[in-house]
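Below, chain A partners chain B and then partners chain C, in two separate complexes.
For the complex of A and B:
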C-alpha cells in the first residue's frame, strides 16, 4: 500500500470524503471553541448534560409543532438547554446540593423524560435514536452543512466581539460582576450556543460523542498554552486535526467516523499530556 | 463633611439558615485604612462579599460614598482571596492587570492607549513589569498578590476591599503592600482589609473592626486593640495580656 492510496486516493472517491471532512471539521472547530469556555468554567459536565437534554427538547418540539424541521429542532434544543441551565442554577443557589450532583440529577431526569415522550407519543416521528446517539458524518444533508458553517461563524463572531467581558467573566466572575459585566447573560448565551451546537452536531457525530468534541480539545489546549486566545486556537486546531485524521482512520478501517474522530482526539490529548511539562499543581508555592 | 466611603446598616447574612452575620452596622470614614479582625469563621470574607453584592444578605442597607452600590461601581475595587483565584487559567500578568480597565470599556470596547499605560504604570509600581508575560501559575505567592494589587491600581477606585492579602506572601511583598496602602491612604483613598494576623494589626491599620458574627468593637486601632475587646471577640481562643502601654499583647493567636 502506497502513501498515495492511503492519503490521496480517498479524496478521489467522490464528494462524500470532502463533505464528510468539512462537516467533521466544522463540528470539531465550533465545539472546541465553546468547549474551552465550559472547561475553564469547570463546567465540563455541563456539556454532557446539554448533549443529553437535547433529546427531550427535540421530542418536545416535535410534539408541539408536529415538525422535525431545523427551526423546530433548534428551538426545542435551545429551550431544553436553557431550562437545564436554569434548573441547575436554581438548585445550586438553593444550596444543599453539590453542583455536579445537581447537573447529574437534572440532565438524567430530563433525558429520561425525553425517552418516555419519544417511546410513548412520538414513536412515529423520524427521530432515529441510534442516529441521535451516534450520528453519521456522511449522511449530513446540504442544508445542515450550511447551518453548521453559519453557526461556526456566529460563534467566532460572538467570541471576538465579546472577547474582553467573556475573558474576565470566565477568569474572575466576581470582579466581572463588580465591573458591570453582565455575567449571567454571558453564561446563558454560552449555554444557549452549546445547546444549539449540540443539535447542529448531532447528525454528524451524535449526542454522546459531541461531549468529546466539546471537552477533549479544550483539555489538550490547556496543557499546551499560556493565554486564552492561544488556547482557543490550539483547541480549534485539535478539533480540525481530529476530524481530518478521524476521516482517514474511518476510511482505512471502514469504521464509524465519529468514533475514529474521538479516538484520534483522545490520542492527541495523551500525547500533549506526555509532552507538556507545565506545572499542573495550580501554581508555584508562595 | 464628605459622605462615608462605606456605610453598612443592619446587615444580616445566613448560609443554609445558619446566621453568619447578625445586625452588622458600621461606617468607614474616607482616607483611612481599616483592618477587619476576627477568628476563623467569624464572617470576615462574607462581610466583604455581602457589601459588594456578591452574595445576597437577608437584611441590611449598604451605601458607598452615600450612594447605592450600582451607582458607585467604578469607585470600589475588590481584591479577592488568593485561594479564590484559578491560578491555572491561561492568562498572563499583563492580561490580568489590564482587566482592571475593563469596567470602563463597556461590552464591546477595546482598551485605549491610556488603558494600556495605566496597566503598565500599575505593574511598574508593584515591581512586576518584568513578569508581564508570565502565566499566573508561574508566579510565587507574593508575585500573584502583587499582580492582583496592580489590577486594583489600574482600576483606580477610591475604596479598596482586600481579602487576606498577606496570606502566603513573602515578607518583602507584605511590606510593599502595606507601603502602597499607606501611600494610597495619604492620597485620600480608603481601604478595608480582612486580616487574621494580630501581631501586625496595630502597625498596619488606622482603624480596627473586631468581628465575630457581629461587630464587637470598631474604632482607632489604639483604642480597639485592648485585651478586653480581643478576648470578647475571640472568646476563649486567644491568650492576651496587657502590655506596658495598656495595649494587648497576644500570646497565642
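For the complex of A and C:
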C-alpha cells in the first residue's frame, strides 16, 4: 500500500468525498467557534441537550406542517432549542434542582417525547432516529454545503461584530450587565445559533458528532491557549483537522465517518492533554 | 393507535400477566427503575447526575466489541464488555478532571461523545460483516422491555440486592460523603473507595438497564426520579426510598405504555412517566413557600 493509495486516491473516487470532507470541515469549524463560548460559560453540556432536543423539534414541525422541508425543520429545531433553554433556565431560577440535573431532566424528557411521537405518529416521515444519531456524511446533498457555508460566515461575522460585548459577557457577566451589555439576549442568541447549527449539521454528521464538535475542540483549545482569539483559532483548527483525518480513517477502515471523526477529535484532545501537562498541575495524587 | 376497548383489553392482559413473558417484563422494568433511582440519588448529591448519560453512551462500544469478538448475542460477554467500557469512561472522566484544567462538565461531554463515536465505528464495521446484520441496534439505542430475558432479570435482581445491601450497610459513610466530602475524609471515611465503588455499581446497573431503557435514555432514569425525590424531601433515606419508588412506578408504567402502543419503545415511555412525576413534584414545591419548606426540612 503506497502513500498514493492511502492519501491521494480517495479524492479521485467521486464528488461525495470532496463534498463530505467540505461539509464535515464546515461543521467542525462552526461548532468549534460556538463551542468555545459554551465551554467558557460552563454550558458544555447544553450542547448535549440541544443536540438531543433537535429530534422532538423536527418531529413536532413535521406533525404540525406535514412537511420535512428545510424551513419547517429549522423552525422546529430552533423552537425546541429555545424551549429547552427556557425550561432549564426556569428550573435553575426556581432553585430547587441542580443545574446539571435540570439539563438532564429537560433533555431526556423532550428526547423521549420526540422518539415516541416519531414512532407512534410520524413513522411515515423520512426521519430515522438512528440516522439522527449517526448521520450520513457521504450522502449529504449539495444544498447542505451552501447552508453550512452561509451559517459559518454568519457565525464568524457575529463574533467579529459583537467581539467586545461577547468577550465581556463570557468572562465577566456581572460586570457586563452593569455596563449595559444585554447578557440575556447574547445568551439566547448563542443558544439559537447552536440549535440552528445542530439541525444544519446533523443531517450530515449526526447528533453525537455535533456534541463532540461543540465540546472537544473548545476543551482542546482551552488546554493550549490563554486568550479568547487564540482559543477560537485553535478550536477551529482542531475541528477542521479532525474532520479531514476522520474522513481518511473512515475510508481506510470502511467504517462510520461521523464516528471516526469523533475518535480522531478525542485523540487530538488527549494528545493536547499529555503535551500540556505541566509539573504544577500534574502529578498531584487524588 | 389502539382504540379504547383494545387499550383496556391490553391493559388487563398486561397487569394480569396474560402472556408468560409479561412477568419478566414487569419485574425487569420495576428493578431498572428501583436501581436507577437509588444510584441516581447518590450521583445527584455528588453533582454527577449526568454521569449516567455518559456511562449509558459508553456502554455502546462495549456491546459492539463483545459482539464483534464472540459473533453472537450471549448475555455474559455483552455485559462484561459494556461494563468494561462504561467503567473505562468513568475512570477517564475522573482522570481528566484530576490532571487537566478541563472543566468537569466538558470532561464528561468528551468521554461521552468519544466512547459513543467509537461505538458507532465498531457498529458500522459490525453491520458490514455477515453475522452482524441483525444486531438490533435500534433496541440497544432505545430499549425494548418486552424482549428482556429471565437471565437479564436475574442479573438486575442481583444488582438490586447488592445496591440495597451496600446502601444499607454503608448508610452513615455514604451520607457523610454525599453531603460533606471534606468532613468525611477527615473523619476517616474511605471516600475514594466509596467513589470507585459507586462508579462500578453505576456502570453495571446502567449496562443491565440498557435492555429495557436503551443507552440514550437510561440517563433519564438515573437523573429524573432522583431530581423529583429531591424536590419532595431533603433527608437521604427518604430521598432514596422516594427515588426508588418513583423509578419503579415509572418503569412499570413505561413498559405498560410500550405494550399498549406497538412501535413505542419502552425507554422513552419510562423516561416520560418519570418526567411527569418530576413536573408534579416541581409544581408542588413551587406552591410551598420557600421558608416553610426549609423549616420543614
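Everything below uses one rule, namely that the second predicted complex is superposed on the first by the 276 of 286 C-alpha atoms of A that agree within 3 Å, B and C clash if a C-alpha of one lies under 4 Å from a C-alpha of the other, contacts with A are read in each partner's own complex, and residues count from 1 in each chain.
The criterion applied here is as follows: a residue touches a chain if its C-beta (ideal position, glycine included) is under 8 Å from a C-beta of that chain, and two chains touch if they have at least 3 such contacts.
Bear in mind the structure is a predicted one, so any value in this text is a computation, not a measurement.
Enquirer: If you stack the two complexes on chain A, which partner ends up touching A:108: first (chain B), second (chain C), both, or neither?
Expert: In the superposition, A:108 touches chain C alone.
Enquirer: Under the stated touch criterion, which partner chain does A:271 make contact with: chain B (first), chain C (second), both, or neither?
Expert: In the superposition, A:271 contacts neither chain B nor chain C.
Enquirer: In the overlay, answer first, second, both or neither for which of chain B and chain C A:96 touches.
Expert: both
Enquirer: With both complexes superposed on chain A, which partner does A:182 reach: first (chain B), second (chain C), both or neither?
Expert: The first partner, chain B, only.
Enquirer: Can A:174 be said to touch chain B (first), chain C (second), both, or neither?
Expert: first
Enquirer: Can you tell me whether chain B or chain C touches more residues on chain A?
Expert: It is C that touches the greater number of chain A residues.
Enquirer: Please indicate which partner A:219 is in contact with in the superposed arrangement: first for chain B, second for chain C, both, or neither.
Expert: second
Enquirer: Kindly list the residues of chain A that each of chain B and chain C touches, one partner per complex.
Expert: 96, 222, 282, 284, 286
Enquirer: Write out the stretch or stretches of chain C touching chain A in their complex.
Expert: It comes out as residues 1, 44, 47, 49-50, 52-53, 57, 94, 96, 98-103, 105-110, 112-114, 116-125, 128, 137-138, 141-142, 192, 216-217, 219-220, 222-224, 226-227, 230-231, 261, 263-265, 267-272, 274-275, 278, 282, 285-286.
Enquirer: In their shared complex, at which residues does chain B touch chain A?
Expert: 15-16, 49, 52-54, 73, 76, 78, 80, 84-92, 95-96, 99, 102-103, 105, 107-111, 135-142, 144, 155, 168-170
Enquirer: Taking the complex as given, what residues does chain A use to touch chain B?
Expert: Per the touch definition, chain A meets chain B at residues 40, 95-96, 161-162, 164-165, 167-168, 170-172, 174-182, 222, 225-228, 230-231, 278-280, 282-286.
Enquirer: Within the complex, which stretch of chain A touches chain C?
Expert: Residue positions touching the partner: 39, 42-45, 47-48, 52, 91, 94, 96-98, 100-105, 108-109, 111-113, 115-116, 119-120, 123, 129-130, 133-134, 206, 208-209, 211-212, 214-216, 218-219, 222-223, 250, 253-256, 258-263, 265-266, 269, 273, 276-277, 281-282, 284, 286.
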